[in-house]
Structure formats: structure tokens, C-alpha cells
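In the two complexes below, chain A is the common chain; its partner is chain B in one and chain C in the other.
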Partner chain A sequence: MSAEFNLQQSKILCVKCGEYLKTGSVTLEYLGNNFPVELYKCPQCGLVFIPENLATGKMQQVEKMLEDK
Partner chain B sequence: MINKILKNTESVCPVCLKRIPARKLIEDQNVYLIKECPEHGNFRVLIWQSGIDYNSWEIPKISSIVHNCKTGIEYGCPFDCGICPDHRQEGCCILLEITSNCNLRCPICFANSNLNKNKDPEFSLIESWYRQLFNSGIPYNIQLSGGEPTTRDDLPEIIRLGHEIGFDYIQLNTNGLSLGKEPDYVRKLGDAGLNSVFLQFDGTTDEIYKTIRGAPLLDVKMAAIDNCSDNNIGVVLVPTLVREINLNNIGDIIRLAAKRIPHVRGVHFQPISFFGRYPSKPPMNRITIPEIIKAIEYQTEGRLKTTNFRPAGAENSYCSFHGNFILMQDGTLKPLPSSQRPDCCTQPVIAAEEIIKSRQFVAKQWSVGRACCCKNTGMNRPEIKDAFSDYGMNTESLDDFLDHINSYSLVISGMAFMDAWNMDLDRLRDCKIHVFHPDGRLIPFCAFNLTSESGKSIYRTMY
Partner chain C sequence: MEQEILHERERKCIQENAPGCTAECPVHVDIRGMIAEIRKKSYSAGFLIFQKKVPFPGIISRICNEPCRNACKRVEIDEPVSIRALERFCLDKNTGIIQPNFLPQLKDKKIAIIGAGLSGLTAALDLAKKGYRVTIFEASDRMGGGIHDIPHSELPAEIIAKDFSVFNGLQVGFKYNATISNRSSEAFSLDRICTEYDAVYLGVGCKDVNANDFGLTLDANGKIVIDPLTLATSHPKVFAGGTLRRGSEHHSPIVSISDGRIAAISIDRLCQSASLSANREREGPYTSSLYTNITEIPAQSVTYMADPVSGFTEEEALREAGRCLLCECLECVKKCEYLAHYGSYPKRYVREIYNNLSIVMGIRHSNQMINSCSLCGLCGELCPNELDMAEVCLEARQIMVKKGKMPPSTHEFALRDMHFSNSDQFILNRHQPGYKSSKAVFFPGCQLAGSAPHYIKKIYEFLCKKIEGGVGLMLGCCGAPADWAGQEALTSTTMQSIRQNLRDLDSIRLITACPSCFRIFNHYLPDIHIEMIWTLFDQLGIPDNSGSGISPHTLAVHDSCATRYETRLHKSVRNIVIRLGHKIEELPRTREKTICCGYGGLMIFANREVAHKEINRRISESTADYVSYCAMCRDNFASRGKRVYHLLDLLFGNDIQHLADKEAPGYSQRQENRARLKRSLLREIWGETMDEMQQKIKLIIPGETRQIMEDRMILDNDIIQVIVHAESTGNKMQDTANNHFLAYHKPANVTYWVEYTPQNNGFLIHNTYCHRINIVK
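Coming up: the complex of A and B.
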């Protein structure tokens, strides 16, 4: 397990709804490309939590690939 | 007929190579460079064909302030190259000419190489060239060129040395004869860390090679691709386009390249330039970038479209085009969204940033992708996946996309070099392809290879 990855389900609350986030299907979209993934989201309002190391890791790599030289 | 002067620039006289004023004239959507030498008369050459609007093709750009200048401004462009402070872009790829010998004598050769056995630069001299470049602090990409570099037995050691000194990306410019005939030699090049081969590849028939290269070479070219593939060396197919000979073969070349993905990483078209050695007097109706792009669309039955291609930000917009594509499961090429053309709202790019991106893109794209040879290891993929999946998340689609795009992308690009007839000194100042002169100067490619009608050179004669 990665040391920098310290997400714990019980600690993520939706600030709007007060609900605990649960894993669910999400589609990420960038420049016309869709990526079906499973991430934590609020069961009530659908707010999605994207861990920082996902945003600055794989997601950023995908963005760079889709952008130009 | 609508005539309009688009822009004033400068060029050279094809006869005496003196710098002379020039103008770009648009006439029925074709753009011509017109100029007059007081001594040798008027010249007019096509530089842009109709079908793609000349003005809207240009990416607005904020020029670089160049470092590493070895010369000052004394005689003016193109006679001060070193590069001089008047230049507007750093180098992306630096060519090292490690031999003047060749194992072919093509009717077309920008370097005017031949079958002679001239003395090659010593290994220790090449080391000093590498060190001068590395000590400049600029992380150049390196292209080993010539002549035919594979005529040297110590080429693997030269490649290894370049990496040891600190260059990440080393590319070989070759006709592929040795690569096709000597698998052991290719293995040694691969073991030495050769990243990519810039393979002279003029077409998919022997007739084309007989005309352009003087011999039927298709089989040996295909064997070269096979041998590079076996050693995970990326291959870029580089056709020299000659009207009446292989302009109608563009679609077949692209289809062949697509079949050889992931090891074939790109196709890079170069319309014939009239410097060095060439078979006939330069025609006025040159092959220009719009004609190539339109031929790509026509010869791929519209699957690849003109709108899939755009200029690059690092060099002058009128020097090149490129489109980025992904191989789909059905064997077709799908354009990446990034290939869309700039529009009127496009903000100026910063040349100093574009050159960094260009070096990185070339090094990544023209090397063999990681997933095809070491899937699940190159990106530490299991660790990344486990970290997220341990918490119930699933981001496999991102991993699959990254693996696929790393390995199964193809760049279709082209570069229109300039010779004494179509030389535009305004374009030359933006050049990012530089040749390392043995005295330490960096000479923009088109200035280095520039020859007059009678074969007189500005820079090659200084060897």
C-alpha cells in the first residue's frame, strides 16, 4: 500500500448533505474522451471525491496525452 | 485573379547566394515567393498551395531569446549562424554528422554524400562534440546523421557514449541498408540504447526506390523495420516526396505504418528540397504543406482529414505540420482531439516553452512505448492500481488508456525545408533543427545545407 495514500472511507463526509461517501460509477470526460471509473461519491447529491494523488497522477498523465505537443 | 502582397521578407539569390529582398504574393489562394537579384534577375516560386488558408494557419508566437550563441551579428542572416542573437529559437534536435561516407549514391541527397571512403571524425572528437553540447545546459535531442552513420562500426559505442554523457534521446538518421541486412548490428544498437531510427522510406514499391535511390530497396527497408522492432527501437518512416514519383503513394505509406504500430511511431514527409544533389532543375510548382495534407485526406478516402493537421508551436508555423492519431481495434486511425487547428481565439504560444514541449514530445513519441514491451512493469502499474483498488476504487480505464496511447499512437507529420529558391529568412530565424559544426557552432539545418545553383555552399565548405 502506498504511504502517501491515506484515504479512509469513514472520514469522508459530503459537506452539503452530511452523508458518508461511497464508491460508485463515475465517468470522467476530457476533450471528448470518456473514462468509466469507480470513485467515492455522495449517495445523495453525487458529489465526487478525487484523491489528490489520482488528480496529479494518472488523471494528469491522461490530460497531457490528450493535449498537444 | 486576385494579387496581393502578403508580407515583405528576405531571401537569397539562387545563383550568387547574396541576401536580397523578397515578397510573398498571394494569387488565387496560392502563395509565391518573388525576389529580384540585381545581377541575376527575377525568381518566383510556389511556397503555399490553395486549400488551406495561409494566414489562418499561423500560430501567433512570442519568440525566444536564444542562449548559447557562438557568433554575433556581423553580416546578417544567413551568414552569421552559430547561432547568432538574431535567431529566435533554441535547438530541439541537434544533428551530429559523424561521417561523410555512404553506402548508396542516391540521385537525391541533401548532404551530397557519396561512396568515397573519407576519413571519419575520430571517436574522441565526437565525444568533444557531445560534451560541448551537454555543457551548454540545454537538454537537446541528438540525431546521428551523415553521410550514412551505419558505415561506422563504432556506432554502438557512439550511441552509448551519448547516453553516458547525459543525453536521454538519441536518434539515428539512416537509409536502413545495414539495419536490414545485419540483425546483429541492430541488436548492438539496441543494446547501446538507440531510441529511434529516422528511416529513409520513400514508398511501398521498388519502382519508387529505383527512381529516387537508384536501386530496388523495399525488401531491405522492411527488414530494417523488422530488425528494429525485434530490438524495441522506434521507427519513423521518412519519405522524400517527389512529384510524379511518390506523391500518389502517401496513403499506402500511412497504411503500411499503421500496420507496423507500435514499433513504427510516425511518418514524417519531406518534400524534395533543392540543395546538395538533386536530379533536375527545381520546378516552380513545388510540393508544399497544403498539397501533402490534402493528398493524405484524398488517399485515405477521407478517413484522415485536413482538419486533423496543424502547425507546431516550436518552429515557424510554415515549416511543418503534424497530426496525432491512435490505432483503434478495427485497424483505423482516430485523430486525437489535440490535433485540432488553432482558430482566431488561439492565444500566442511562448516559443521558449514550446521548444521544451517539443523535445519531450519527440523523445516520447518516437521511442517505442513502454506498454508494448514491458506491460505492467514500466509504469509500476500494479502498485498504482493496488493503492486505489485497496479503497474500492477502480481506475483501470485510465491505466488502459495510458498503456494504449503510449504504444499505439502514430504521429503523421512533415517538414518543408527551404533551399536557395524558396528560402525565407524570416522562417529561418525560427528554426529548431540545428547541425553541429565541427568548430562548435550550431547552424540551422536549411542554412547548413543551402547550396547555390552551381553547388556553392555557405557552411559545408568550411569543413
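Coming up: the complex of A and C.
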């Protein structure tokens, strides 16, 4: 799974830290399965951004697949 | 699911059973398959299907006595299809090269065939193809036996010669002018052949034959005793069939071929020391149990040949092939979008479901199929053998839940909605004011309360007026979503609390306004007297001044699938509609044959596509406005643009409200309607006040966002929780391209995302989405 944008830096700002989100390694988990992915996150506090097309696209497919496993 | 139950269910679905013609054909030619090929103008393919079962296609396509036609469904409408003529047409049109026989390795077993008629030749051919060393003993000097008595015009010699050329490539020995019997004068005695050969087939016909000559046991009529299943005689090595078995009065070329084939199978089994009789019931003709509905098939006269000697022309053949009904059942599939959606039929589905439940490691591909059934029971009603997929799918769901294999996302939203309805937000259990007991209890149902809360007080007041001894009121959800989701434990606890509520109100009579509640209560509370308001209204009279607001017109009644077999209720509903001055149009699928609106079985949550197909089909069955007595049916039809009333609209509504066009409330609105209903009833009937519902946060939701929320099943409250979380913790992001804030929160199993902008003491919601995968960081 990978985020749609591959820019090093996004236009998304972490309000708390005042930092722009950058791509970094994030661990996602569902039904006991872990998978590391590259996503935008705040370099300081780690707040993660999941874009809509990822949530409603690939992530939904993976959810379904794992639910049927 | 036990394997035995699986087999019983598979047996009930007769879709795969052979059509009547094929079952009745002694060699079971796939006539339907052949005719389907003719319709596609694939005549060579049609011929291959015919030839697969018939060793001498030229002969049979001219002289077959067609027992198949007696079983043709067309007999019940007009005349049977001219099957033999179509077989001949395929043969004449065949351009394919007949594949030479594959020569198997010769076995060391020797078989004697006595008589070169159609049965003997068939036995010889079948056995030779299996590698047996076959020798044919024939009393005359040629192959064919009795077929040479048929006039040349009917069966030309060249056709016979072509069919028999099939022996050219095979190592079959022929001994002509060899009469076999046990009379000492004969050169070849049967006893001697029996010692020299491993098995013998006796197919000598009945012309100039004395049954006494073979030394076999005879019956009281002097005929050789032959087992009809295996064609075995009293001699363990000797089998007999053909016209010898049936007598010349029952002469049938195709039965002779069938006998030859049955004998060949017996001989093969004998040589392999296998059981002669096991699993052979369907080798000869039998009566098919395939059901084919012919109620809407118009009569169409049989096609006559312009020139009977030449057979059908292409045009004639195509017309006659067009008369074939291509018999199949599919009674349920034709009437159910869910069953049609998965492209097969219940026999296959029950097997798929069984396999799905048996998987230990791997992907369970049928989960969604299991969860998409509306559990409405129409298939069971239509099936000639009452195979009910609702029973199969519900049982499968219960097993999945017990094993922890139910996909968590499928029913969670519906069960959360049920949880809301059984929370303090909605639940209520009261005696009528001024009473200490309740003669009856009114349970309006959570979906009517969510969809049309304003009617509930009117119904309650009417019931209080009409029923003496006090009418209690119970608000809550009946547990149908839990039942549909296969959640037996949750269904059971829900039912226990309803039972406790009834005990608290000291009543054993429950009146509901929702067909699903009615079904659930009837099923789980058999000792409680359950009624629907409609039978009561019909019996007690409709509320005063009701019905005057909607001008009379023609309405198509949609019966609820939950009350499929409630004939009294169906009648009451129609009585009320007529009493209100309207005319009734009956839909094609009505009363016990009604169909689900897409909500039943939580279909719409498991498979929105199928639910929409089901709804779209239902609403296109008539152009008349519909009337439904279930809030969910009404709202589902309305959501797809159908003009539809709830029966309560007809009683209490007014034309100026445009109720048939009323949009269904969304998920959030339904919950809010329930919560407000409880508060207003408490205030107006019992004079009690609850804390007013306080919106912690004001949301501004544009129409487009609202639609997204409905599609993604995101409630106002989910959004509020995200914003409260973001604003209180500061954990939020901002898209500097448009300055929208972005935040997420996971209150339970789902992570909700909201894109928003603070506006006028509230929040403007631009977008929202959700996922179940967790962010671990």
C-alpha cells in the first residue's frame, strides 16, 4: 500500500507543531495483521494523514480481503 | 452445516436434473443442448452432442421411435418438438470430421456378442472401445439384423453402411452364418462359448429364436429371465437384451441400443469384479423431476416439412428448434435479483456456502454472497421442493458469528443503530396514564419511529380509546437486525428484555406497527398474542376523520416480505385502502409471493448493488403509486425515486404534504427522530420532561456532504466526536491549499475523518470518510 502522492513534503500542516507533513514510515494494522506503509506524517508529533482516495480505495479492498481471510 | 443436510438441500434444487426428453431417452441424448446449438446455427456442435450418446446416428436419426417426445413439456401446451427430425438435420448439416476411434490397449478378456442387431453391435462397439477382445457371432451374413426390413426410402442402405463403418478401425471379429444355441446339432453351442469367453451378450432378436435353446432359466411365460437393471441371466457370464428381451411387439431401435450399452457396462463390471448393480438406476429411461413453468408459454404449432424425404430445411429446423422450451427450473432465480446476481442457482449456492464454512485457512469468497440474501423466503415459496435460501444463509451467518468469522464491517452499522434504539435515547416502557396494568402494549417499532414519528402518538391515542383496560407503550428495537446478522446471543438478550418489559406491564398482548417486529415477535415470543395495527383497524374501524386528506386514486399494494403468509393481514390492508376510497392494483409478485424491499436480512448493508437492483425491479413493476405498510419498504422505494405512500400517510396525511414524494430521512435523522419522539411522548402523554437534546456542536452540512455521509454510513454524531476530539486536543491538520482543517478520531472500531472549517459558531463540513484499518504509528 502506498499513498497517492510521493512528494517529499505536502501542503498539509500539523496545526499543533506548525510543521508540514512529510512522507515517513507508518504501521497500519487490521485484525491482527500489521503492514508498514509510507504515508504523510508530522515529523515532530507523528500525526498521520490518510487521504480520502486511499481510505475509500485500496484500504477498503485490504479491509475486505482481511475480513474474508 | 452437516454434510447430510447439504446433500438433502442439493437434492431439493432440481435445476441440474435432466429435462423430461433426455430422461425419457433410453440413452439420454442431451436434446436441450443439441437444440441450443441449432438455435446458434452451430449444427456440427449439435451433431456432436447427438453422436456422443448414439453410436449409429444415421440410423437412429431416421428410425428412432422417439420415446423422448412423450416427455416433451410442449405436450402440455400443444405438440412435442420434432426431435428426431432435428437430429437428422444436425447430421445432414454436420461438416465436422468424425474422429477415428482411439484404439485402446487390448485387454486379455474375450467377449462374445451373439447377434449383430443394434443391441449386439452397440455392446460390441462399447466393449471394443474399452479394449476388450470382441467377437460377434451372427446367424445371417450381415450386420444390422431387423433394420434391413425397413424400406430403403426410410433408411437408405448407404446410411446403414456409413454408420457401420465405425467398426472398420476396431479389432472386432465377425463370424457370420453362425447360429448359436445349446442344441447339439449346432456348430457353436452357448456352453462352449461360455467356456471360451469371459462374458457373453445374447442379442439375437426374436425372429426364429426359441428361448429354450440357450439352457437359461425361463419364466412362466417361457421367456428368458433377465434382470432389468443389469440384463443378467441365470448364467453368471451371460447377459441378454434387445428385442429378445422385450418381444417384437415392443420393438424400439433406441431401446435396443440402450440394452446393448447397459449390457456392455455389466460385462465391463463383471470383468473387473465390480458390483453389477450399484448406482445404475438412471441408465435406462426414467421420469425427470425437473420442474419447468409453462404458464406463460404461448402455443406454437409444430413445423411441417415441405419435403419429408429430404428432412427439415434450415428455416424449418430453426423454427422447430425455436419451439423447444430449453426446459429448466430457475423459478427462484427468475424472481430474485439476489439469486440472479451471483449467476448460478441454489444447488450450487448451498455447496458454495458449505465449502465457505469449511475453510480453515484461505479466503472465504462467499462471505458477501451469504450476507447479501434478504432472507425474505420468496425462493422457498416458489421452489417446487421448498428449498429456502433464507434458512441456508441465516444458518451460515450464525455459524460465522459463532466461529468469529463474520466480517466485522458487514453488520456493525446496523447493529449500532439497533443499540441506539435500545439505549435510553429511545427505549420506553409505560402503562397508559391512569392505569396500573396494561391490557395490551403498543410497540410501534424503531424504523417507523425513525421515519414517520408524528403518526405514533395518533395511533397510540386511537388504541387507548378503543381498547379497554389500558394500553401500554413500549419503544425500542425488536432485535430484527441482530437476528438477520446471525447474532443469536444478542437476539436472545433483546428478546429477554422485551419479555421483561411485557412482564413489567403485566401484559401478554403486543400490538405492533412494523411487519418485521411482527415477524420477530411471532417467531421468538410464541406465547404472546401478537397483532398488527392493520388487522385491528380493520376490525375496530379506522380512526375518526382519517383518510380524507388524500384524494382517491389507484394504488399498487406492496406486501411486506416479513408478513408473507399473513393472509388475514393482507386482506385487512386492502380493506383499509378500499375503505379510504382508493382502488387497488395488484403487483405481479404479491401476497405470499411478495419480494423484499432490499432492507430485509440487512441486504442493503452487505451489498448495496444487489439491494438497488431488487428495489429498482420492484418499483418498475407498476407505474401506479405504491402503498406499503412497512416504513423501510416505503423509504427504500422512495430513495430510488418511486412515488410511494405509507399506509399511515393515507390515514393521517394530506395531499398538500406531497407524502408520496417525501424523501426518506437519513440515518442520523432517523436516530434524532426516535430520540425526539420519546421526549415528545413523555412530555405530551405522561407530562414528564427529559433533558432537552443538546447539540454540543452545530454542524453545517451541505447537501453533497450529506449524501456522502449516507453513502459512507457516517452519522452527525461521528462527525461531532471527531471535531470535539480535534478541537480539544489540538490534533488536527490544515490543508494550506484551501485552509480546510482535517482531523480524525476512532471512537470504537472505525476511524472517521472530517474536513471542516469553523463558521458562524459552528462547523461547515466539506467532506468525511472512514476506514477500519488502524493507524498504529
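Criterion: the second predicted complex is superposed on the first by the 57 of 69 C-alpha atoms of A that agree within 3 Å, B and C clash if a C-alpha of one lies under 4 Å from a C-alpha of the other, contacts with A are read in each partner's own complex, and residues count from 1 in each chain.
Simple rule for what comes next: contacts are C-beta pairs under 8 Å (C-beta built on N, C-alpha and C of every residue); 3 or more make two chains touch, one makes a residue touch a chain.
What you are looking at is a predicted structure, and each value in this text was computed from that prediction instead of being measured.
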| message | Quick one: is A:Thr23 in contact with chain B, with chain C, with both, or with neither? Answer first, second, both or neither. | response | first
| field | Which of chain B and chain C A:Lys11 touches, first, second, both or neither | value | second
| task | Determine, under the contact definition given at the top, whether A:Met65 touches first (chain B), second (chain C), both, or neither. | result | both
| task | Once the structures are superposed on A, label A:Val48 by its partner contacts, choosing first (chain B), second (chain C), both or neither. | result | second
| message | A:Gly57 in the overlay: touching chain B, chain C, both, or neither? Say first, second, both or neither. | response | first
| said: Per the contact definition in the header, classify A:Glu38: touching chain B only (first), chain C only (second), both, or neither. | reply: first
| message | Per the definitions at the top, what is the overlap between the chain A residues touching chain B and those touching chain C? | response | 28, 31, 59, 62, 65, 67-69
| note | chain C partner, complex, touching residues on chain A are 11-16, 21, 26-31, 34, 41-42, 46-50, 52, 55-56, 59-60, 62-65, 67-69
| remark: Residue positions on chain C within touch of chain A in the complex are 362-365, 367, 407-410, 712, 730-737, 741-742, 744, 751, 753, 767, 769-777
| request: Show which residues of chain A lie in contact with chain B when the two form their complex. | output: 1-2, 5, 7, 9, 23, 28, 31-33, 35-40, 51, 53-54, 57-59, 61-62, 65-69
| task | Note which residues of chain B are touching chain A in the complex, please. | result | 310, 312-314, 322, 324, 336-339, 357-358, 360-362, 365, 383-384, 386-388, 390-399, 401-402, 405-406
